[in-house]
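For reference, chains read A, B, C and D in written order, and residue numbers begin at 1 within each chain.
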Amino acid sequence: MSIFIDESTRLVVQGITGRDGSFHAKQMMAYGTKVVAGVTPGKGGQRFEDAVPVFNTVAEAVLETKANTSVIYVPAAVAASAIFEAADSGIELIICITEGLPVLDMTRALPYVHERGARLIGPNCPGLISPGKSKVGIIPGSICKPGKIGVVSRSGTLTYEIIHQLSTHGYGQSSCVGIGGDPLIGTNFIHCLAAFADDPETTAIVMIGEIGGTDEQQAAEYVKDKIKKPVVGFIAGQTAPPGRRMGHAGAIISGSSGTAAEKIAAFQKAGISVMKRPADVVPLLKERL
Amino acid sequence: MSIFIDESTRLVVQGITGRDGSFHAKQMMAYGTKVVAGVTPGKGGQRFEDAVPVFNTVAEAVLETKANTSVIYVPAAVAASAIFEAADSGIELIICITEGLPVLDMTRALPYVHERGARLIGPNCPGLISPGKSKVGIIPGSICKPGKIGVVSRSGTLTYEIIHQLSTHGYGQSSCVGIGGDPLIGTNFIHCLAAFADDPETTAIVMIGEIGGTDEQQAAEYVKDKIKKPVVGFIAGQTAPPGRRMGHAGAIISGSSGTAAEKIAAFQKAGISVMKRPADVVPLLKERL
Amino acid sequence: MNLHEYQARDILRRHGIPVPPGDVATTPAEARALAEKLGGKVVVKAQVHAGGRGKAGGVKLAKTAAEAEANAKAILGMKIKGLTVQKILIAPAAEIASESYVGIIVDRASQRAVVMVSPAGGIDIEEVAATTPEKIHRLAVDPRYGLLAHQALGLGFKLYGDVKQARAAADIMQKLYGAFYAVGASLAEINPLVTTPDGSVQALDAKISIDDNELERRPDIAALRDTSAEAPEEVAARDAGLTFIKLEGNVGCCVNGAGLAMATMDLVKYYGGAPANFLDIGGSSNPQKVVSALRIITSDPNVKAILFNVFAGITRADDVANGIVQATTEFALKVPMVIRLIGTNEAIAVDILKKAGFSALTDMDDAVKQAVAKATGKAA
Amino acid sequence: MNLHEYQARDILRRHGIPVPPGDVATTPAEARALAEKLGGKVVVKAQVHAGGRGKAGGVKLAKTAAEAEANAKAILGMKIKGLTVQKILIAPAAEIASESYVGIIVDRASQRAVVMVSPAGGIDIEEVAATTPEKIHRLAVDPRYGLLAHQALGLGFKLYGDVKQARAAADIMQKLYGAFYAVGASLAEINPLVTTPDGSVQALDAKISIDDNELERRPDIAALRDTSAEAPEEVAARDAGLTFIKLEGNVGCCVNGAGLAMATMDLVKYYGGAPANFLDIGGSSNPQKVVSALRIITSDPNVKAILFNVFAGITRADDVANGIVQATTEFALKVPMVIRLIGTNEAIAVDILKKAGFSALTDMDDAVKQAVAKATGKAA
């Protein structure tokens, strides 16, 4: 098993003829992901790589190909619009790789996705992979290995580092999900923890957080209350400087929360084994499994 | 029994110190309606008629008095805002008497009310009365009589005419609901028909429609499919001229529908006894009961 | 409130929608000057609140400024559906490659503004809707999000296969939707939306109607009202706070509430008469409104009897009675009057009327029968 | 991007929020002229992107225009938290009856813009929040409806008992919310919102920060950037498309991805070193970005060793390798460099580096240990 994506994933690539979209569409096709459609307004009727039909709109793509999942590689200025379009067209799972989305766009896109019962992963995320089954996004398939560890992370390349550690030491993954580092994201740690908890194949969970916000603290509470499987965690940013801040609103709303120390303490209190460095992931998992 | 309001109705009057609000608040209090609070921004802390506490906001009124129903008498320019406020404060039933609300305000207020699970009656309506129990709005209590006929109407004074016919001939009412004549309203015929159908005390339903829109046609379908109780209907506007119309959009969206003849035909097809004139209501009811 | 084409074009232009040049004229000389300024062929279009201008001869092409002046002379003062043409629009006669339709209206069923587009635009759009409804594409816009870019583009592709034109149309739709809410419209229509031979997309003709309830808070829009283009008695009624529509019958009706007013007219017909008007004195009438109502009704020479039907509620019966009495001191009614008046403060009202020599009935059917009898000269 | 107070005031004013008069000056003479124009007492305020201006002596009262000039002379060129004052705001010294706080920020938890108000405004607002949180009132605004009138008025009553002032504050909040979305803000703050002795409500000081991701589509806002008020190396990094924050350590770090960059810095510390910077070359780096990154790192005299840590994914390892080689042809690195480079196109990259005389490691821990050793002069 796996979470969110597997062999039944039928993918439409929004921005399939763009630089990033075409490169990664080929990578995903090579990995075995069922890429059933692409969308680029004005290129409807063409075929991508002589194989994948391209449509002007996601609605047409869904109608013609029964796509159930979408991945977004369009420029930041129109990425929110692509999210709206995917949700409006009945796509159930939307993965937005694009980085640099205005946060205020997300304040409007998130309730829209939510109202339609869809799930958004990202934006500004590497996507996800269920090794051996399906890969949606940009996580290099070559570093992953099918297995039983669930990985969820706010970062991109740091996730690769952790997956690399796991795979090279024989720990395959059920699914690896990069939820994205932006302030407003569609799928958070708790959503992924719940899915991994429900996935019978996943035996342990690796959770990679970073400074800023309180998602990790809430996730820790959730782990304490609900998760029976072993969880190993990491927090990046212990040495990061506190950002120069204008105004008082940030301090008022978040108080002193968001530091690495606070998050590590919350992890420890919740019984999460905390890595000091990425290379600790395998030794800690060994202890817990 | 009755629908929507009864002895458990705890009413807050929005605009209680205004000309219409104060007049009708007194009328409702005299009728026996539990008027528990009034709202006029800036007059919080005062008492209306030495009895009803006045608050600056509906939220405070609900907090202090457990009001569950609100009636709105504020000017048209701020009436939509009053609807938003009532819904936001946890009011379950909102009756907007004010006429002249911009239709575009309603396009925004209706989903807001709906999202909060509240019911809006109106705007531009006379409100409703459950004779002997509670009156919310401006229907003259003196013309009503407790009984078993449910009345639902798009008009104001035409409703009084029908109620008057019923009461003077010994047919009391379970509830009388004026749903309002505006293009966009919160509660339509079908909502009221369903409520009357569920009300064990109501034995027959009188439905008063008029030209314009297709609410009556849809209601007729609903009666045919779902309503076992006798229904007597009236359509006003057989001699009304077709309005001079600019542009084509209206014709495109509604085709030829909305005429009195079409609505009467729909009523007849649904087994609704159709009055030729208001005075027919009692004879037709007699036939059906 | 209906806007003239030239006013609607101004609003579109202010919202960034591409509209061909052109301006309004009220005299043939102005028309000539505008035609000279524009150069080339122009079209002279009557500005009246009525459809079918073209068929009525209110739209003419002119090859020269002199011809524009001549056309203007012919069109100004012309009557179209009872309305006198007082203003004309002078615009360049555009070369047109295709004609589409874009309209927005508030839809009762979805309780939303609905955008409608059709690649088959122009004067026959209603026939298109009736005979080939699949050529009309509709989208009910969620007011919480507005017309989203992908939705507008989806509609744009229904009009044009070319992505640039689809995007241009989508942009126009989003701006039209913005204008719709910004001006408080009940209808906004671009018909035709044209493509020119060079591929650009433009709004050739525009119609906008404003929700009357929006006017109080939008004085700039309210100022666009052109009362010279409306029936004088309707202007007078609106100024008095009444809703009035003139009809062809002989029983003048004065009623409180639109539903009861329509039911009263229906009952007039039921008893063999014909209503001379729809007139609603509204919810919280004061005596002065009643005076104005009677003045408007009595100014109609067709009226042979006046029928009052008031079921007092928020309207107080004594206010209405006082208004009737006051009116008779100000002007002669000339025709018989039947009054039916019950409800709030009924007793006081009856007393007021009695003192002034009027009697009041309590039954609606009785009152209507009597009024019809008086109007037709037959016994009730 | 942070805006200066004077820029924020302009935005507020454009959105209809009452802001006292006043303007920006860059020389003492301009300050004097502005003070003369305003008349009466004025306040001279340093325009720098840092809090605590008052305590640092960057805000001074002046009774006369001459005094304003003298104050301007003192403040212009002053350093506040490392930033040189280049601009000053001259505004009338308002008489203040009360000071409140109004702020809007995007809240991660509710995923909405949150309006925060407090009747206890002014410079101690953070202390108010910490010690008497009940004095801070918050409302997460539903973006689908915006800040509704009744919500704003409810917050207005939290600030003022007087209904006129509550309505004025509510109006300001709605306009501030409108401005927030219109300019693409991540923070908008009026502190203090004051009442004057005559009862009017005004925005005395304003702070606005813009979401950098909004700048591309808002060139008018992007044009407000004042690079003279920012650290030069951060300006250079941004121009090169890099995210860079200078720190005090001696290991210059160049990493792809913010999370890996932070983890790398943490690992530097773990092995006894100190990172000289945070530097993220971003997702789709090209060789030129790597050149710029090395130029910025090597310009820091504290840097004793350079650590590359790249896990190629969307970033291609060969691009990074090419960038490193190109940089060394353009300028001298001066300090030792340790390269860790794996992932997409790793083999090509290693080949490129080898040909240029560099070696690449594959393990992150090994690389960090070596870099720390080189920076500190101790054996790894």
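The rule we apply is simple: contacts are C-beta pairs under 8 Å (C-beta built on N, C-alpha and C of every residue); 3 or more make two chains touch, one makes a residue touch a chain.
Owing to the predicted nature of the structure, the values given are computational and were not obtained by experimental measurement.
Common neighbours of chain B and chain D (chains touching each): C. Counted by C-beta pairs in contact, the busier of A-D and A-C is A-D. Centre-to-centre spacing of chain A and chain C amounts to 55 Å, using the average Cα coordinate of each chain. Here the spacing of chain A and chain D, counted between their Cα centres, is 27 Å.
Averaging C-alpha coordinates per chain places the centre of chain A 50 Å away from that of chain B. Shared interface positions of chain D, defined as residues touching 2 or more other chains, are 144-145.
In chain B, the residues that touch at least two other chains are 108. Taken as a contact graph, the chains fit none of the simple arrangements: neither line, ring, star nor complete graph.
A complete list of chain pairs in contact reads A-C, A-D, B-C, B-D, C-D. Per the touch definition, chain C reaches chain B in the complex via residues 2, 49-51, 101, 103-109, 111-114, 116, 125-126, 129-130, 136, 138, 142-144, 180-181, 184-187, 189, 191, 207, 209, 211, 213-214, 216-217, 245, 247, 255-260, 262-263, 265-270, 275, 278, 283-284, 310-315, 342-344, 364-365. Of all residues in chain B, those touching chain C in their complex are 20, 24, 76-77, 99-104, 106-108, 110-111, 126, 138-140, 143, 153-161, 164, 181, 183-184, 208, 210-211, 213-215, 234, 236-241, 244-253, 255, 276-279.
Here chain D touches chain C in the complex through residues 144-145, going by the rule given at the top.
Residues 145, 148-151, 153-154, 157, 162-164, 166-167 of chain D are the ones touching chain B in the complex. Considering their complex, residues 41-42, 44, 56-59, 78, 81-82, 84-85, 88, 108, 112 of chain A touch chain C.
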